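The following pair of complexes shares a single chain, subunit A, combined with subunit B in the former and subunit C in the latter.
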Partner chain A sequence: MAMTDRMASENSDRGILSSAGASTYFERRRSARIRSALIWSAAALLLFWCLHVTVIADTDWERIGGRFGVLGSIGRFLLLDLSLLPHLIIPAIETMMMATLGTLLGCVLALPVAWFGARNVTPSLYFFYPVGRFLMVLSRSVHEIIWAILFVGAVGLGALPGILAVAVRSVGFISKITAEAIENIDPKPVEAIRSVGGNQFQVMYFGILPQIMPVVLGTIIFEWDINIRRAAVMGLVGAGGLGLVFFRQMAMFNYGGVTMVLLAILMLIIIGEIVSHFARKAVT
Partner chain B sequence: MAVLEVRDLRVRYNNTGPEILRGIDFSVEGSDFCAVIGPSGAGKSTLIRCINRLVEPSGGSITLFGEEVLALNARDLRRMRRRIGMIFQEFNLVNRMSVMDNVLSGRLGYTGSFRSLFRLFPRHDIEKALEILARVGLSDHVNKRADALSGGQRQRVGIARALMQQPDLLLLDEPTSALDPKISRDVMSLIRDLAREFDVPVLCNIHDVQLATEFCNRIIGLQDGIKKFDGPTETMKKSDMELIYAMEVL
Partner chain C sequence: MTSQNTSMPASQNAAPQWSRFPFPETLIRYSVLLGVLVFLAWSVHFLNLDLQRLLGAFPRLGAILADRYFPPELSFVLDHRFLNSVLNTIQMSILGGAMGVLLAIPLAWFASYNVTLHRWLVYPFGRLSIMGCRAIHETIWTILFVTIIGFGMFAGVLALTMFCIGFAGKLFSDEIEAIDMKPVEALRSTGAGPLQVFVYGVLPQVKIAFVGISIYTWDVAFRAATVVGFFGGGGMGWYLQRATYELQSTRVAAILLTIIALVSISEVVSGWLRQRLAGERLA
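Coming up: the complex of A and B.
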């Protein structure tokens, strides 16, 4: 807005200054300044109001108790509880497996969703296409913790609800990217497979799949990487893994143990980064 | 006896659009190498694609090997398509598959879904593919990815794929447009030799009139969806060309 104003003024500077238009030009310029000043002050007021409501009025300042109180609270987390180490190994493996199985199951579930939700291959543009698109949105619009709560309610405590939650949460992203890849394929090989008398399955398997494979594999690896993070917090609602240990240590006010769990999660994520880096290199 | 007989063929994209083909009649004999020439937008590609129903005609009739193509159901259409080899302007290979898999995909019409899932092509198909690849001069490139080849080589893969079908008719859609003049001539003479060898009639749309007169024994001239010329190559005169292209041909 300001940019276009300035450019307009530069253009008009050349010829109009001497003419009768000059005074109206300066008036317009002044009113534009006043308007922008008003807008900025309104924005500042709004920001201050937000700060007041959410932070200044809503915080228990007494409880923080000065600068050293904050540092002290953080300090408690730094005294690592190394005795917890042996009890972290199994949950860490469980978290990794939850992420991996969840991602695999998510891929399987994403397959029909992507098929329904890709305009050029959907079985029906008026029924299956909207259904596919709706499932994509549904999967992503519900947080993984909410999915986990739902599945803990449905199948009980343990790793299974975690796997299901991770899987269902992954479907949206994988199927959306896959559907978009399908919509962007080169139609020429598809035409060739149709012309040799290939059936619907062969057209997809030979004409479409090879073209979308790099994108789909890359997406799955990326999703697996994210799913390690998701699986790590599943235990907070009773769905197993490191999250459950975290929850217990927190409940026991064993802050050193909490930090141990966080470090374990960090380790897993670093491992995930390294593996996905090399896996992604291998597929492209 | 005509292999292919087309009567009053009409095509209209989106029911309300203009007619692309406006009543085309012609037939192709068993020994024909028939060219379809005409300016861009005359409907050459559409015409070729109607024969195997990659494009759905809106009227008329196409009789191929004594069967009415337009009356076939999906299953019979696939059975019909596997008898028609097609070679494309831009080769239409699956780039991320090997040359061998591309050539073998010519047999998909004869391969069940389950077998094709694991690319379990019968041994004699693989032997046949090796033989054909040797014939088109690609023996050294069998296991390369299709996108690693040059244009001329890729079109040879396209030819090999069409031959794998052991076709009873070859459809060529501008097979040389993406190639340089020398390679174009090589590819055309390879196709001509193979068509004779395999005793297959060819219907070829091509915009290069010189190539058409050099390689084809019959020419069909198309302009704006209407047939303007149909006859043996040697009977085509300059005035016919001017009629087809609606311009002065030097």
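Coming up: the complex of A and C.
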């Protein structure tokens, strides 16, 4: 709607330019300039209002204690605690495993959601399609920390709630991209398989799956990369890995150890980025 | 998968020697697959996972939600203090998003290989700072800023800023690396400096894409802003943390429902804005 409106106005704009001459054109340009100035000043006012409420009025400036206070607090993080290094290896492996298993479980869970949420293959457009769409939104709108809290309540402490939280959180993105890929497939192979008497499963396995495979694999690898970050914070709410070490070091006020944990997370992310770079090259 | 590796060698080799399993590719492919499977099995063993508990997790979650969380305490959510915190959350996300985007633009400039200032000094700096911001999760940023400048929304805004630098910076630099290099070449040949090249050669090409990415960044920042309060960053997350630790499950349920509703609204708003923008791009 808006697009066609805009195009119509664009066309009329050109018409006026050619017929009524330059004065209307400049008037139009001036009004556009005034409009953009109004928008920019409104945005600036909004930003200043936000700045005032959240930062200027809310901060306890005394506690920060001036420039040197801040520099001092940052400086405490810079004295690395190298003795923590051997205690970081196993949690780092755990984090990697949580991310991988979580991604895998997320793929399994995303299968039915994508099937329900793709308009052209959904079993029922009036029941399963809205359910699938709702599950996608639900999975993405609840933050992984909140999922982790819910799952810690449901299955207890340990790596399992972390895996479940990572999995549930990644369902939304994987299934959304997959559903979009399914909606954009070429319908001809599907027709062909149907016309030779293939059943629903055969249509999916031979008609749809080969077409969406590269996109879906790329998305899964991308999501795995993100899930490493997510798995690294699951420990903050009671689900193992590097987050737990981070939380303990923070609770002991061992700021050098905190920096070590951050460096370990950074290492994991770099490894993940390299692996996902090559894996994505391999599948596409 | 198989359809890919059957068609490839037939087109490459001069002598069309078709084979279902071309030798080196399959070996690599299946050994990688085997390696992944072994890693998965090992990690199930290493993390001491009980697969029966895994299967029971979702029914248990459903039972707990129905049992403890069920009548959401909506009166708590409608309280004016909570509504104020919702407003604060939105403000934090706007401010954090704006600051993040503003800082991300120069960093994205540094981190795009085709127009960067210096390929051996500035490029790695830009890349590393964007990756560092991205690598650290927003909750960890929140905790770090809370230890440095104390509880409150300032810490949350800074954490969101870092998060947005990482998020928007990567998308921005991807966008810059995909530009048409001809205007840049033209500007360079007339002796324009790097800043002039960026402002007149690069920015006009990516302006609309940048606005779209900024809107999306705000959307994602709002999602993150709902939980920065959980670790002391202010906003509605703080109420969530209090309700969680006081085991007031019905309150937690009400807050979660609010978050889901707000995130859905923000998603609709950002989607609508981006669609309008796409229309503008076409017209």
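The rule is simple: the second predicted complex is superposed on the first by the 236 of 284 C-alpha atoms of A that agree within 3 Å, B and C clash if a C-alpha of one lies under 4 Å from a C-alpha of the other, contacts with A are read in each partner's own complex, and residues count from 1 in each chain.
Assume a contact is a pair of C-beta atoms (placed from the backbone, for glycine too) under 8 Å apart; a residue touches a chain by one contact, two chains touch by 3 or more.
This is a predicted model, so every value here is computed, not measured.
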Identify the partner contact of A:G153: answer first if only subunit B is touched, second if only subunit C is, both if each is, neither if none is.
-> second
Return first, second, both or neither, reflecting whether A:A32 touches subunit B, subunit C, both chains, or no partner chain.
-> neither
For A:K188, select first, second, both or neither according to whether it touches subunit B, subunit C, the two together, or no partner.
-> first
Of the partners subunit B and subunit C, which touch A:G197 in the superposed model: first, second, both, neither?
-> first
Applying the touch criterion given at the start, work out whether A:G207 contacts subunit B, subunit C, both or neither, answering first, second, both or neither.
-> first
In the superposed arrangement, which partner chain does A:L111 touch: subunit B (first), subunit C (second), both, or neither?
-> neither
Which one hits more subunit A residues, subunit B or subunit C?
-> C
After lining up the shared chain so the two structures overlap, which partner does A:C50 touch, if you call subunit B first and subunit C second: first, second, both or neither?
-> second
Give one of first, second, both or neither to describe whether A:I269 is in contact with subunit B, with subunit C, with both, or with none.
-> second
Footprint overlap on subunit A, comparing subunit B with subunit C | 210, 213
Contact footprint of subunit A on subunit B as seen in their complex = 52, 54, 78-86, 88, 90-97, 105-111, 113, 116-117, 158, 161, 165, 171
Within their complex, state which residues of subunit C touch subunit A.
-> 1, 3, 32, 39-40, 43-44, 46-50, 53-54, 56-57, 60-61, 64-65, 88, 91-92, 94-95, 98, 131-132, 134-137, 139-140, 143-144, 147-154, 156-157, 223-224, 226-227, 230-231, 234, 240, 244, 256, 259-260, 263-264, 267, 275-276, 279-280, 282-283
Considering the complex alone, what residue numbers of subunit A touch subunit B?
-> 188-189, 191-199, 201-202, 205-207, 210-211, 213-214
State the interface residues of subunit A toward subunit C in the complex, per the touch definition above.
-> 2-3, 6-7, 10, 46-47, 49-51, 53-55, 58-60, 63-64, 70, 73-74, 77, 93-94, 97-98, 100-101, 104-105, 137-138, 140-143, 145-146, 149-151, 153-155, 158-160, 163-164, 210, 213, 229-230, 232-233, 236, 240, 246, 250, 255, 258, 262, 265-266, 269-270, 273, 282
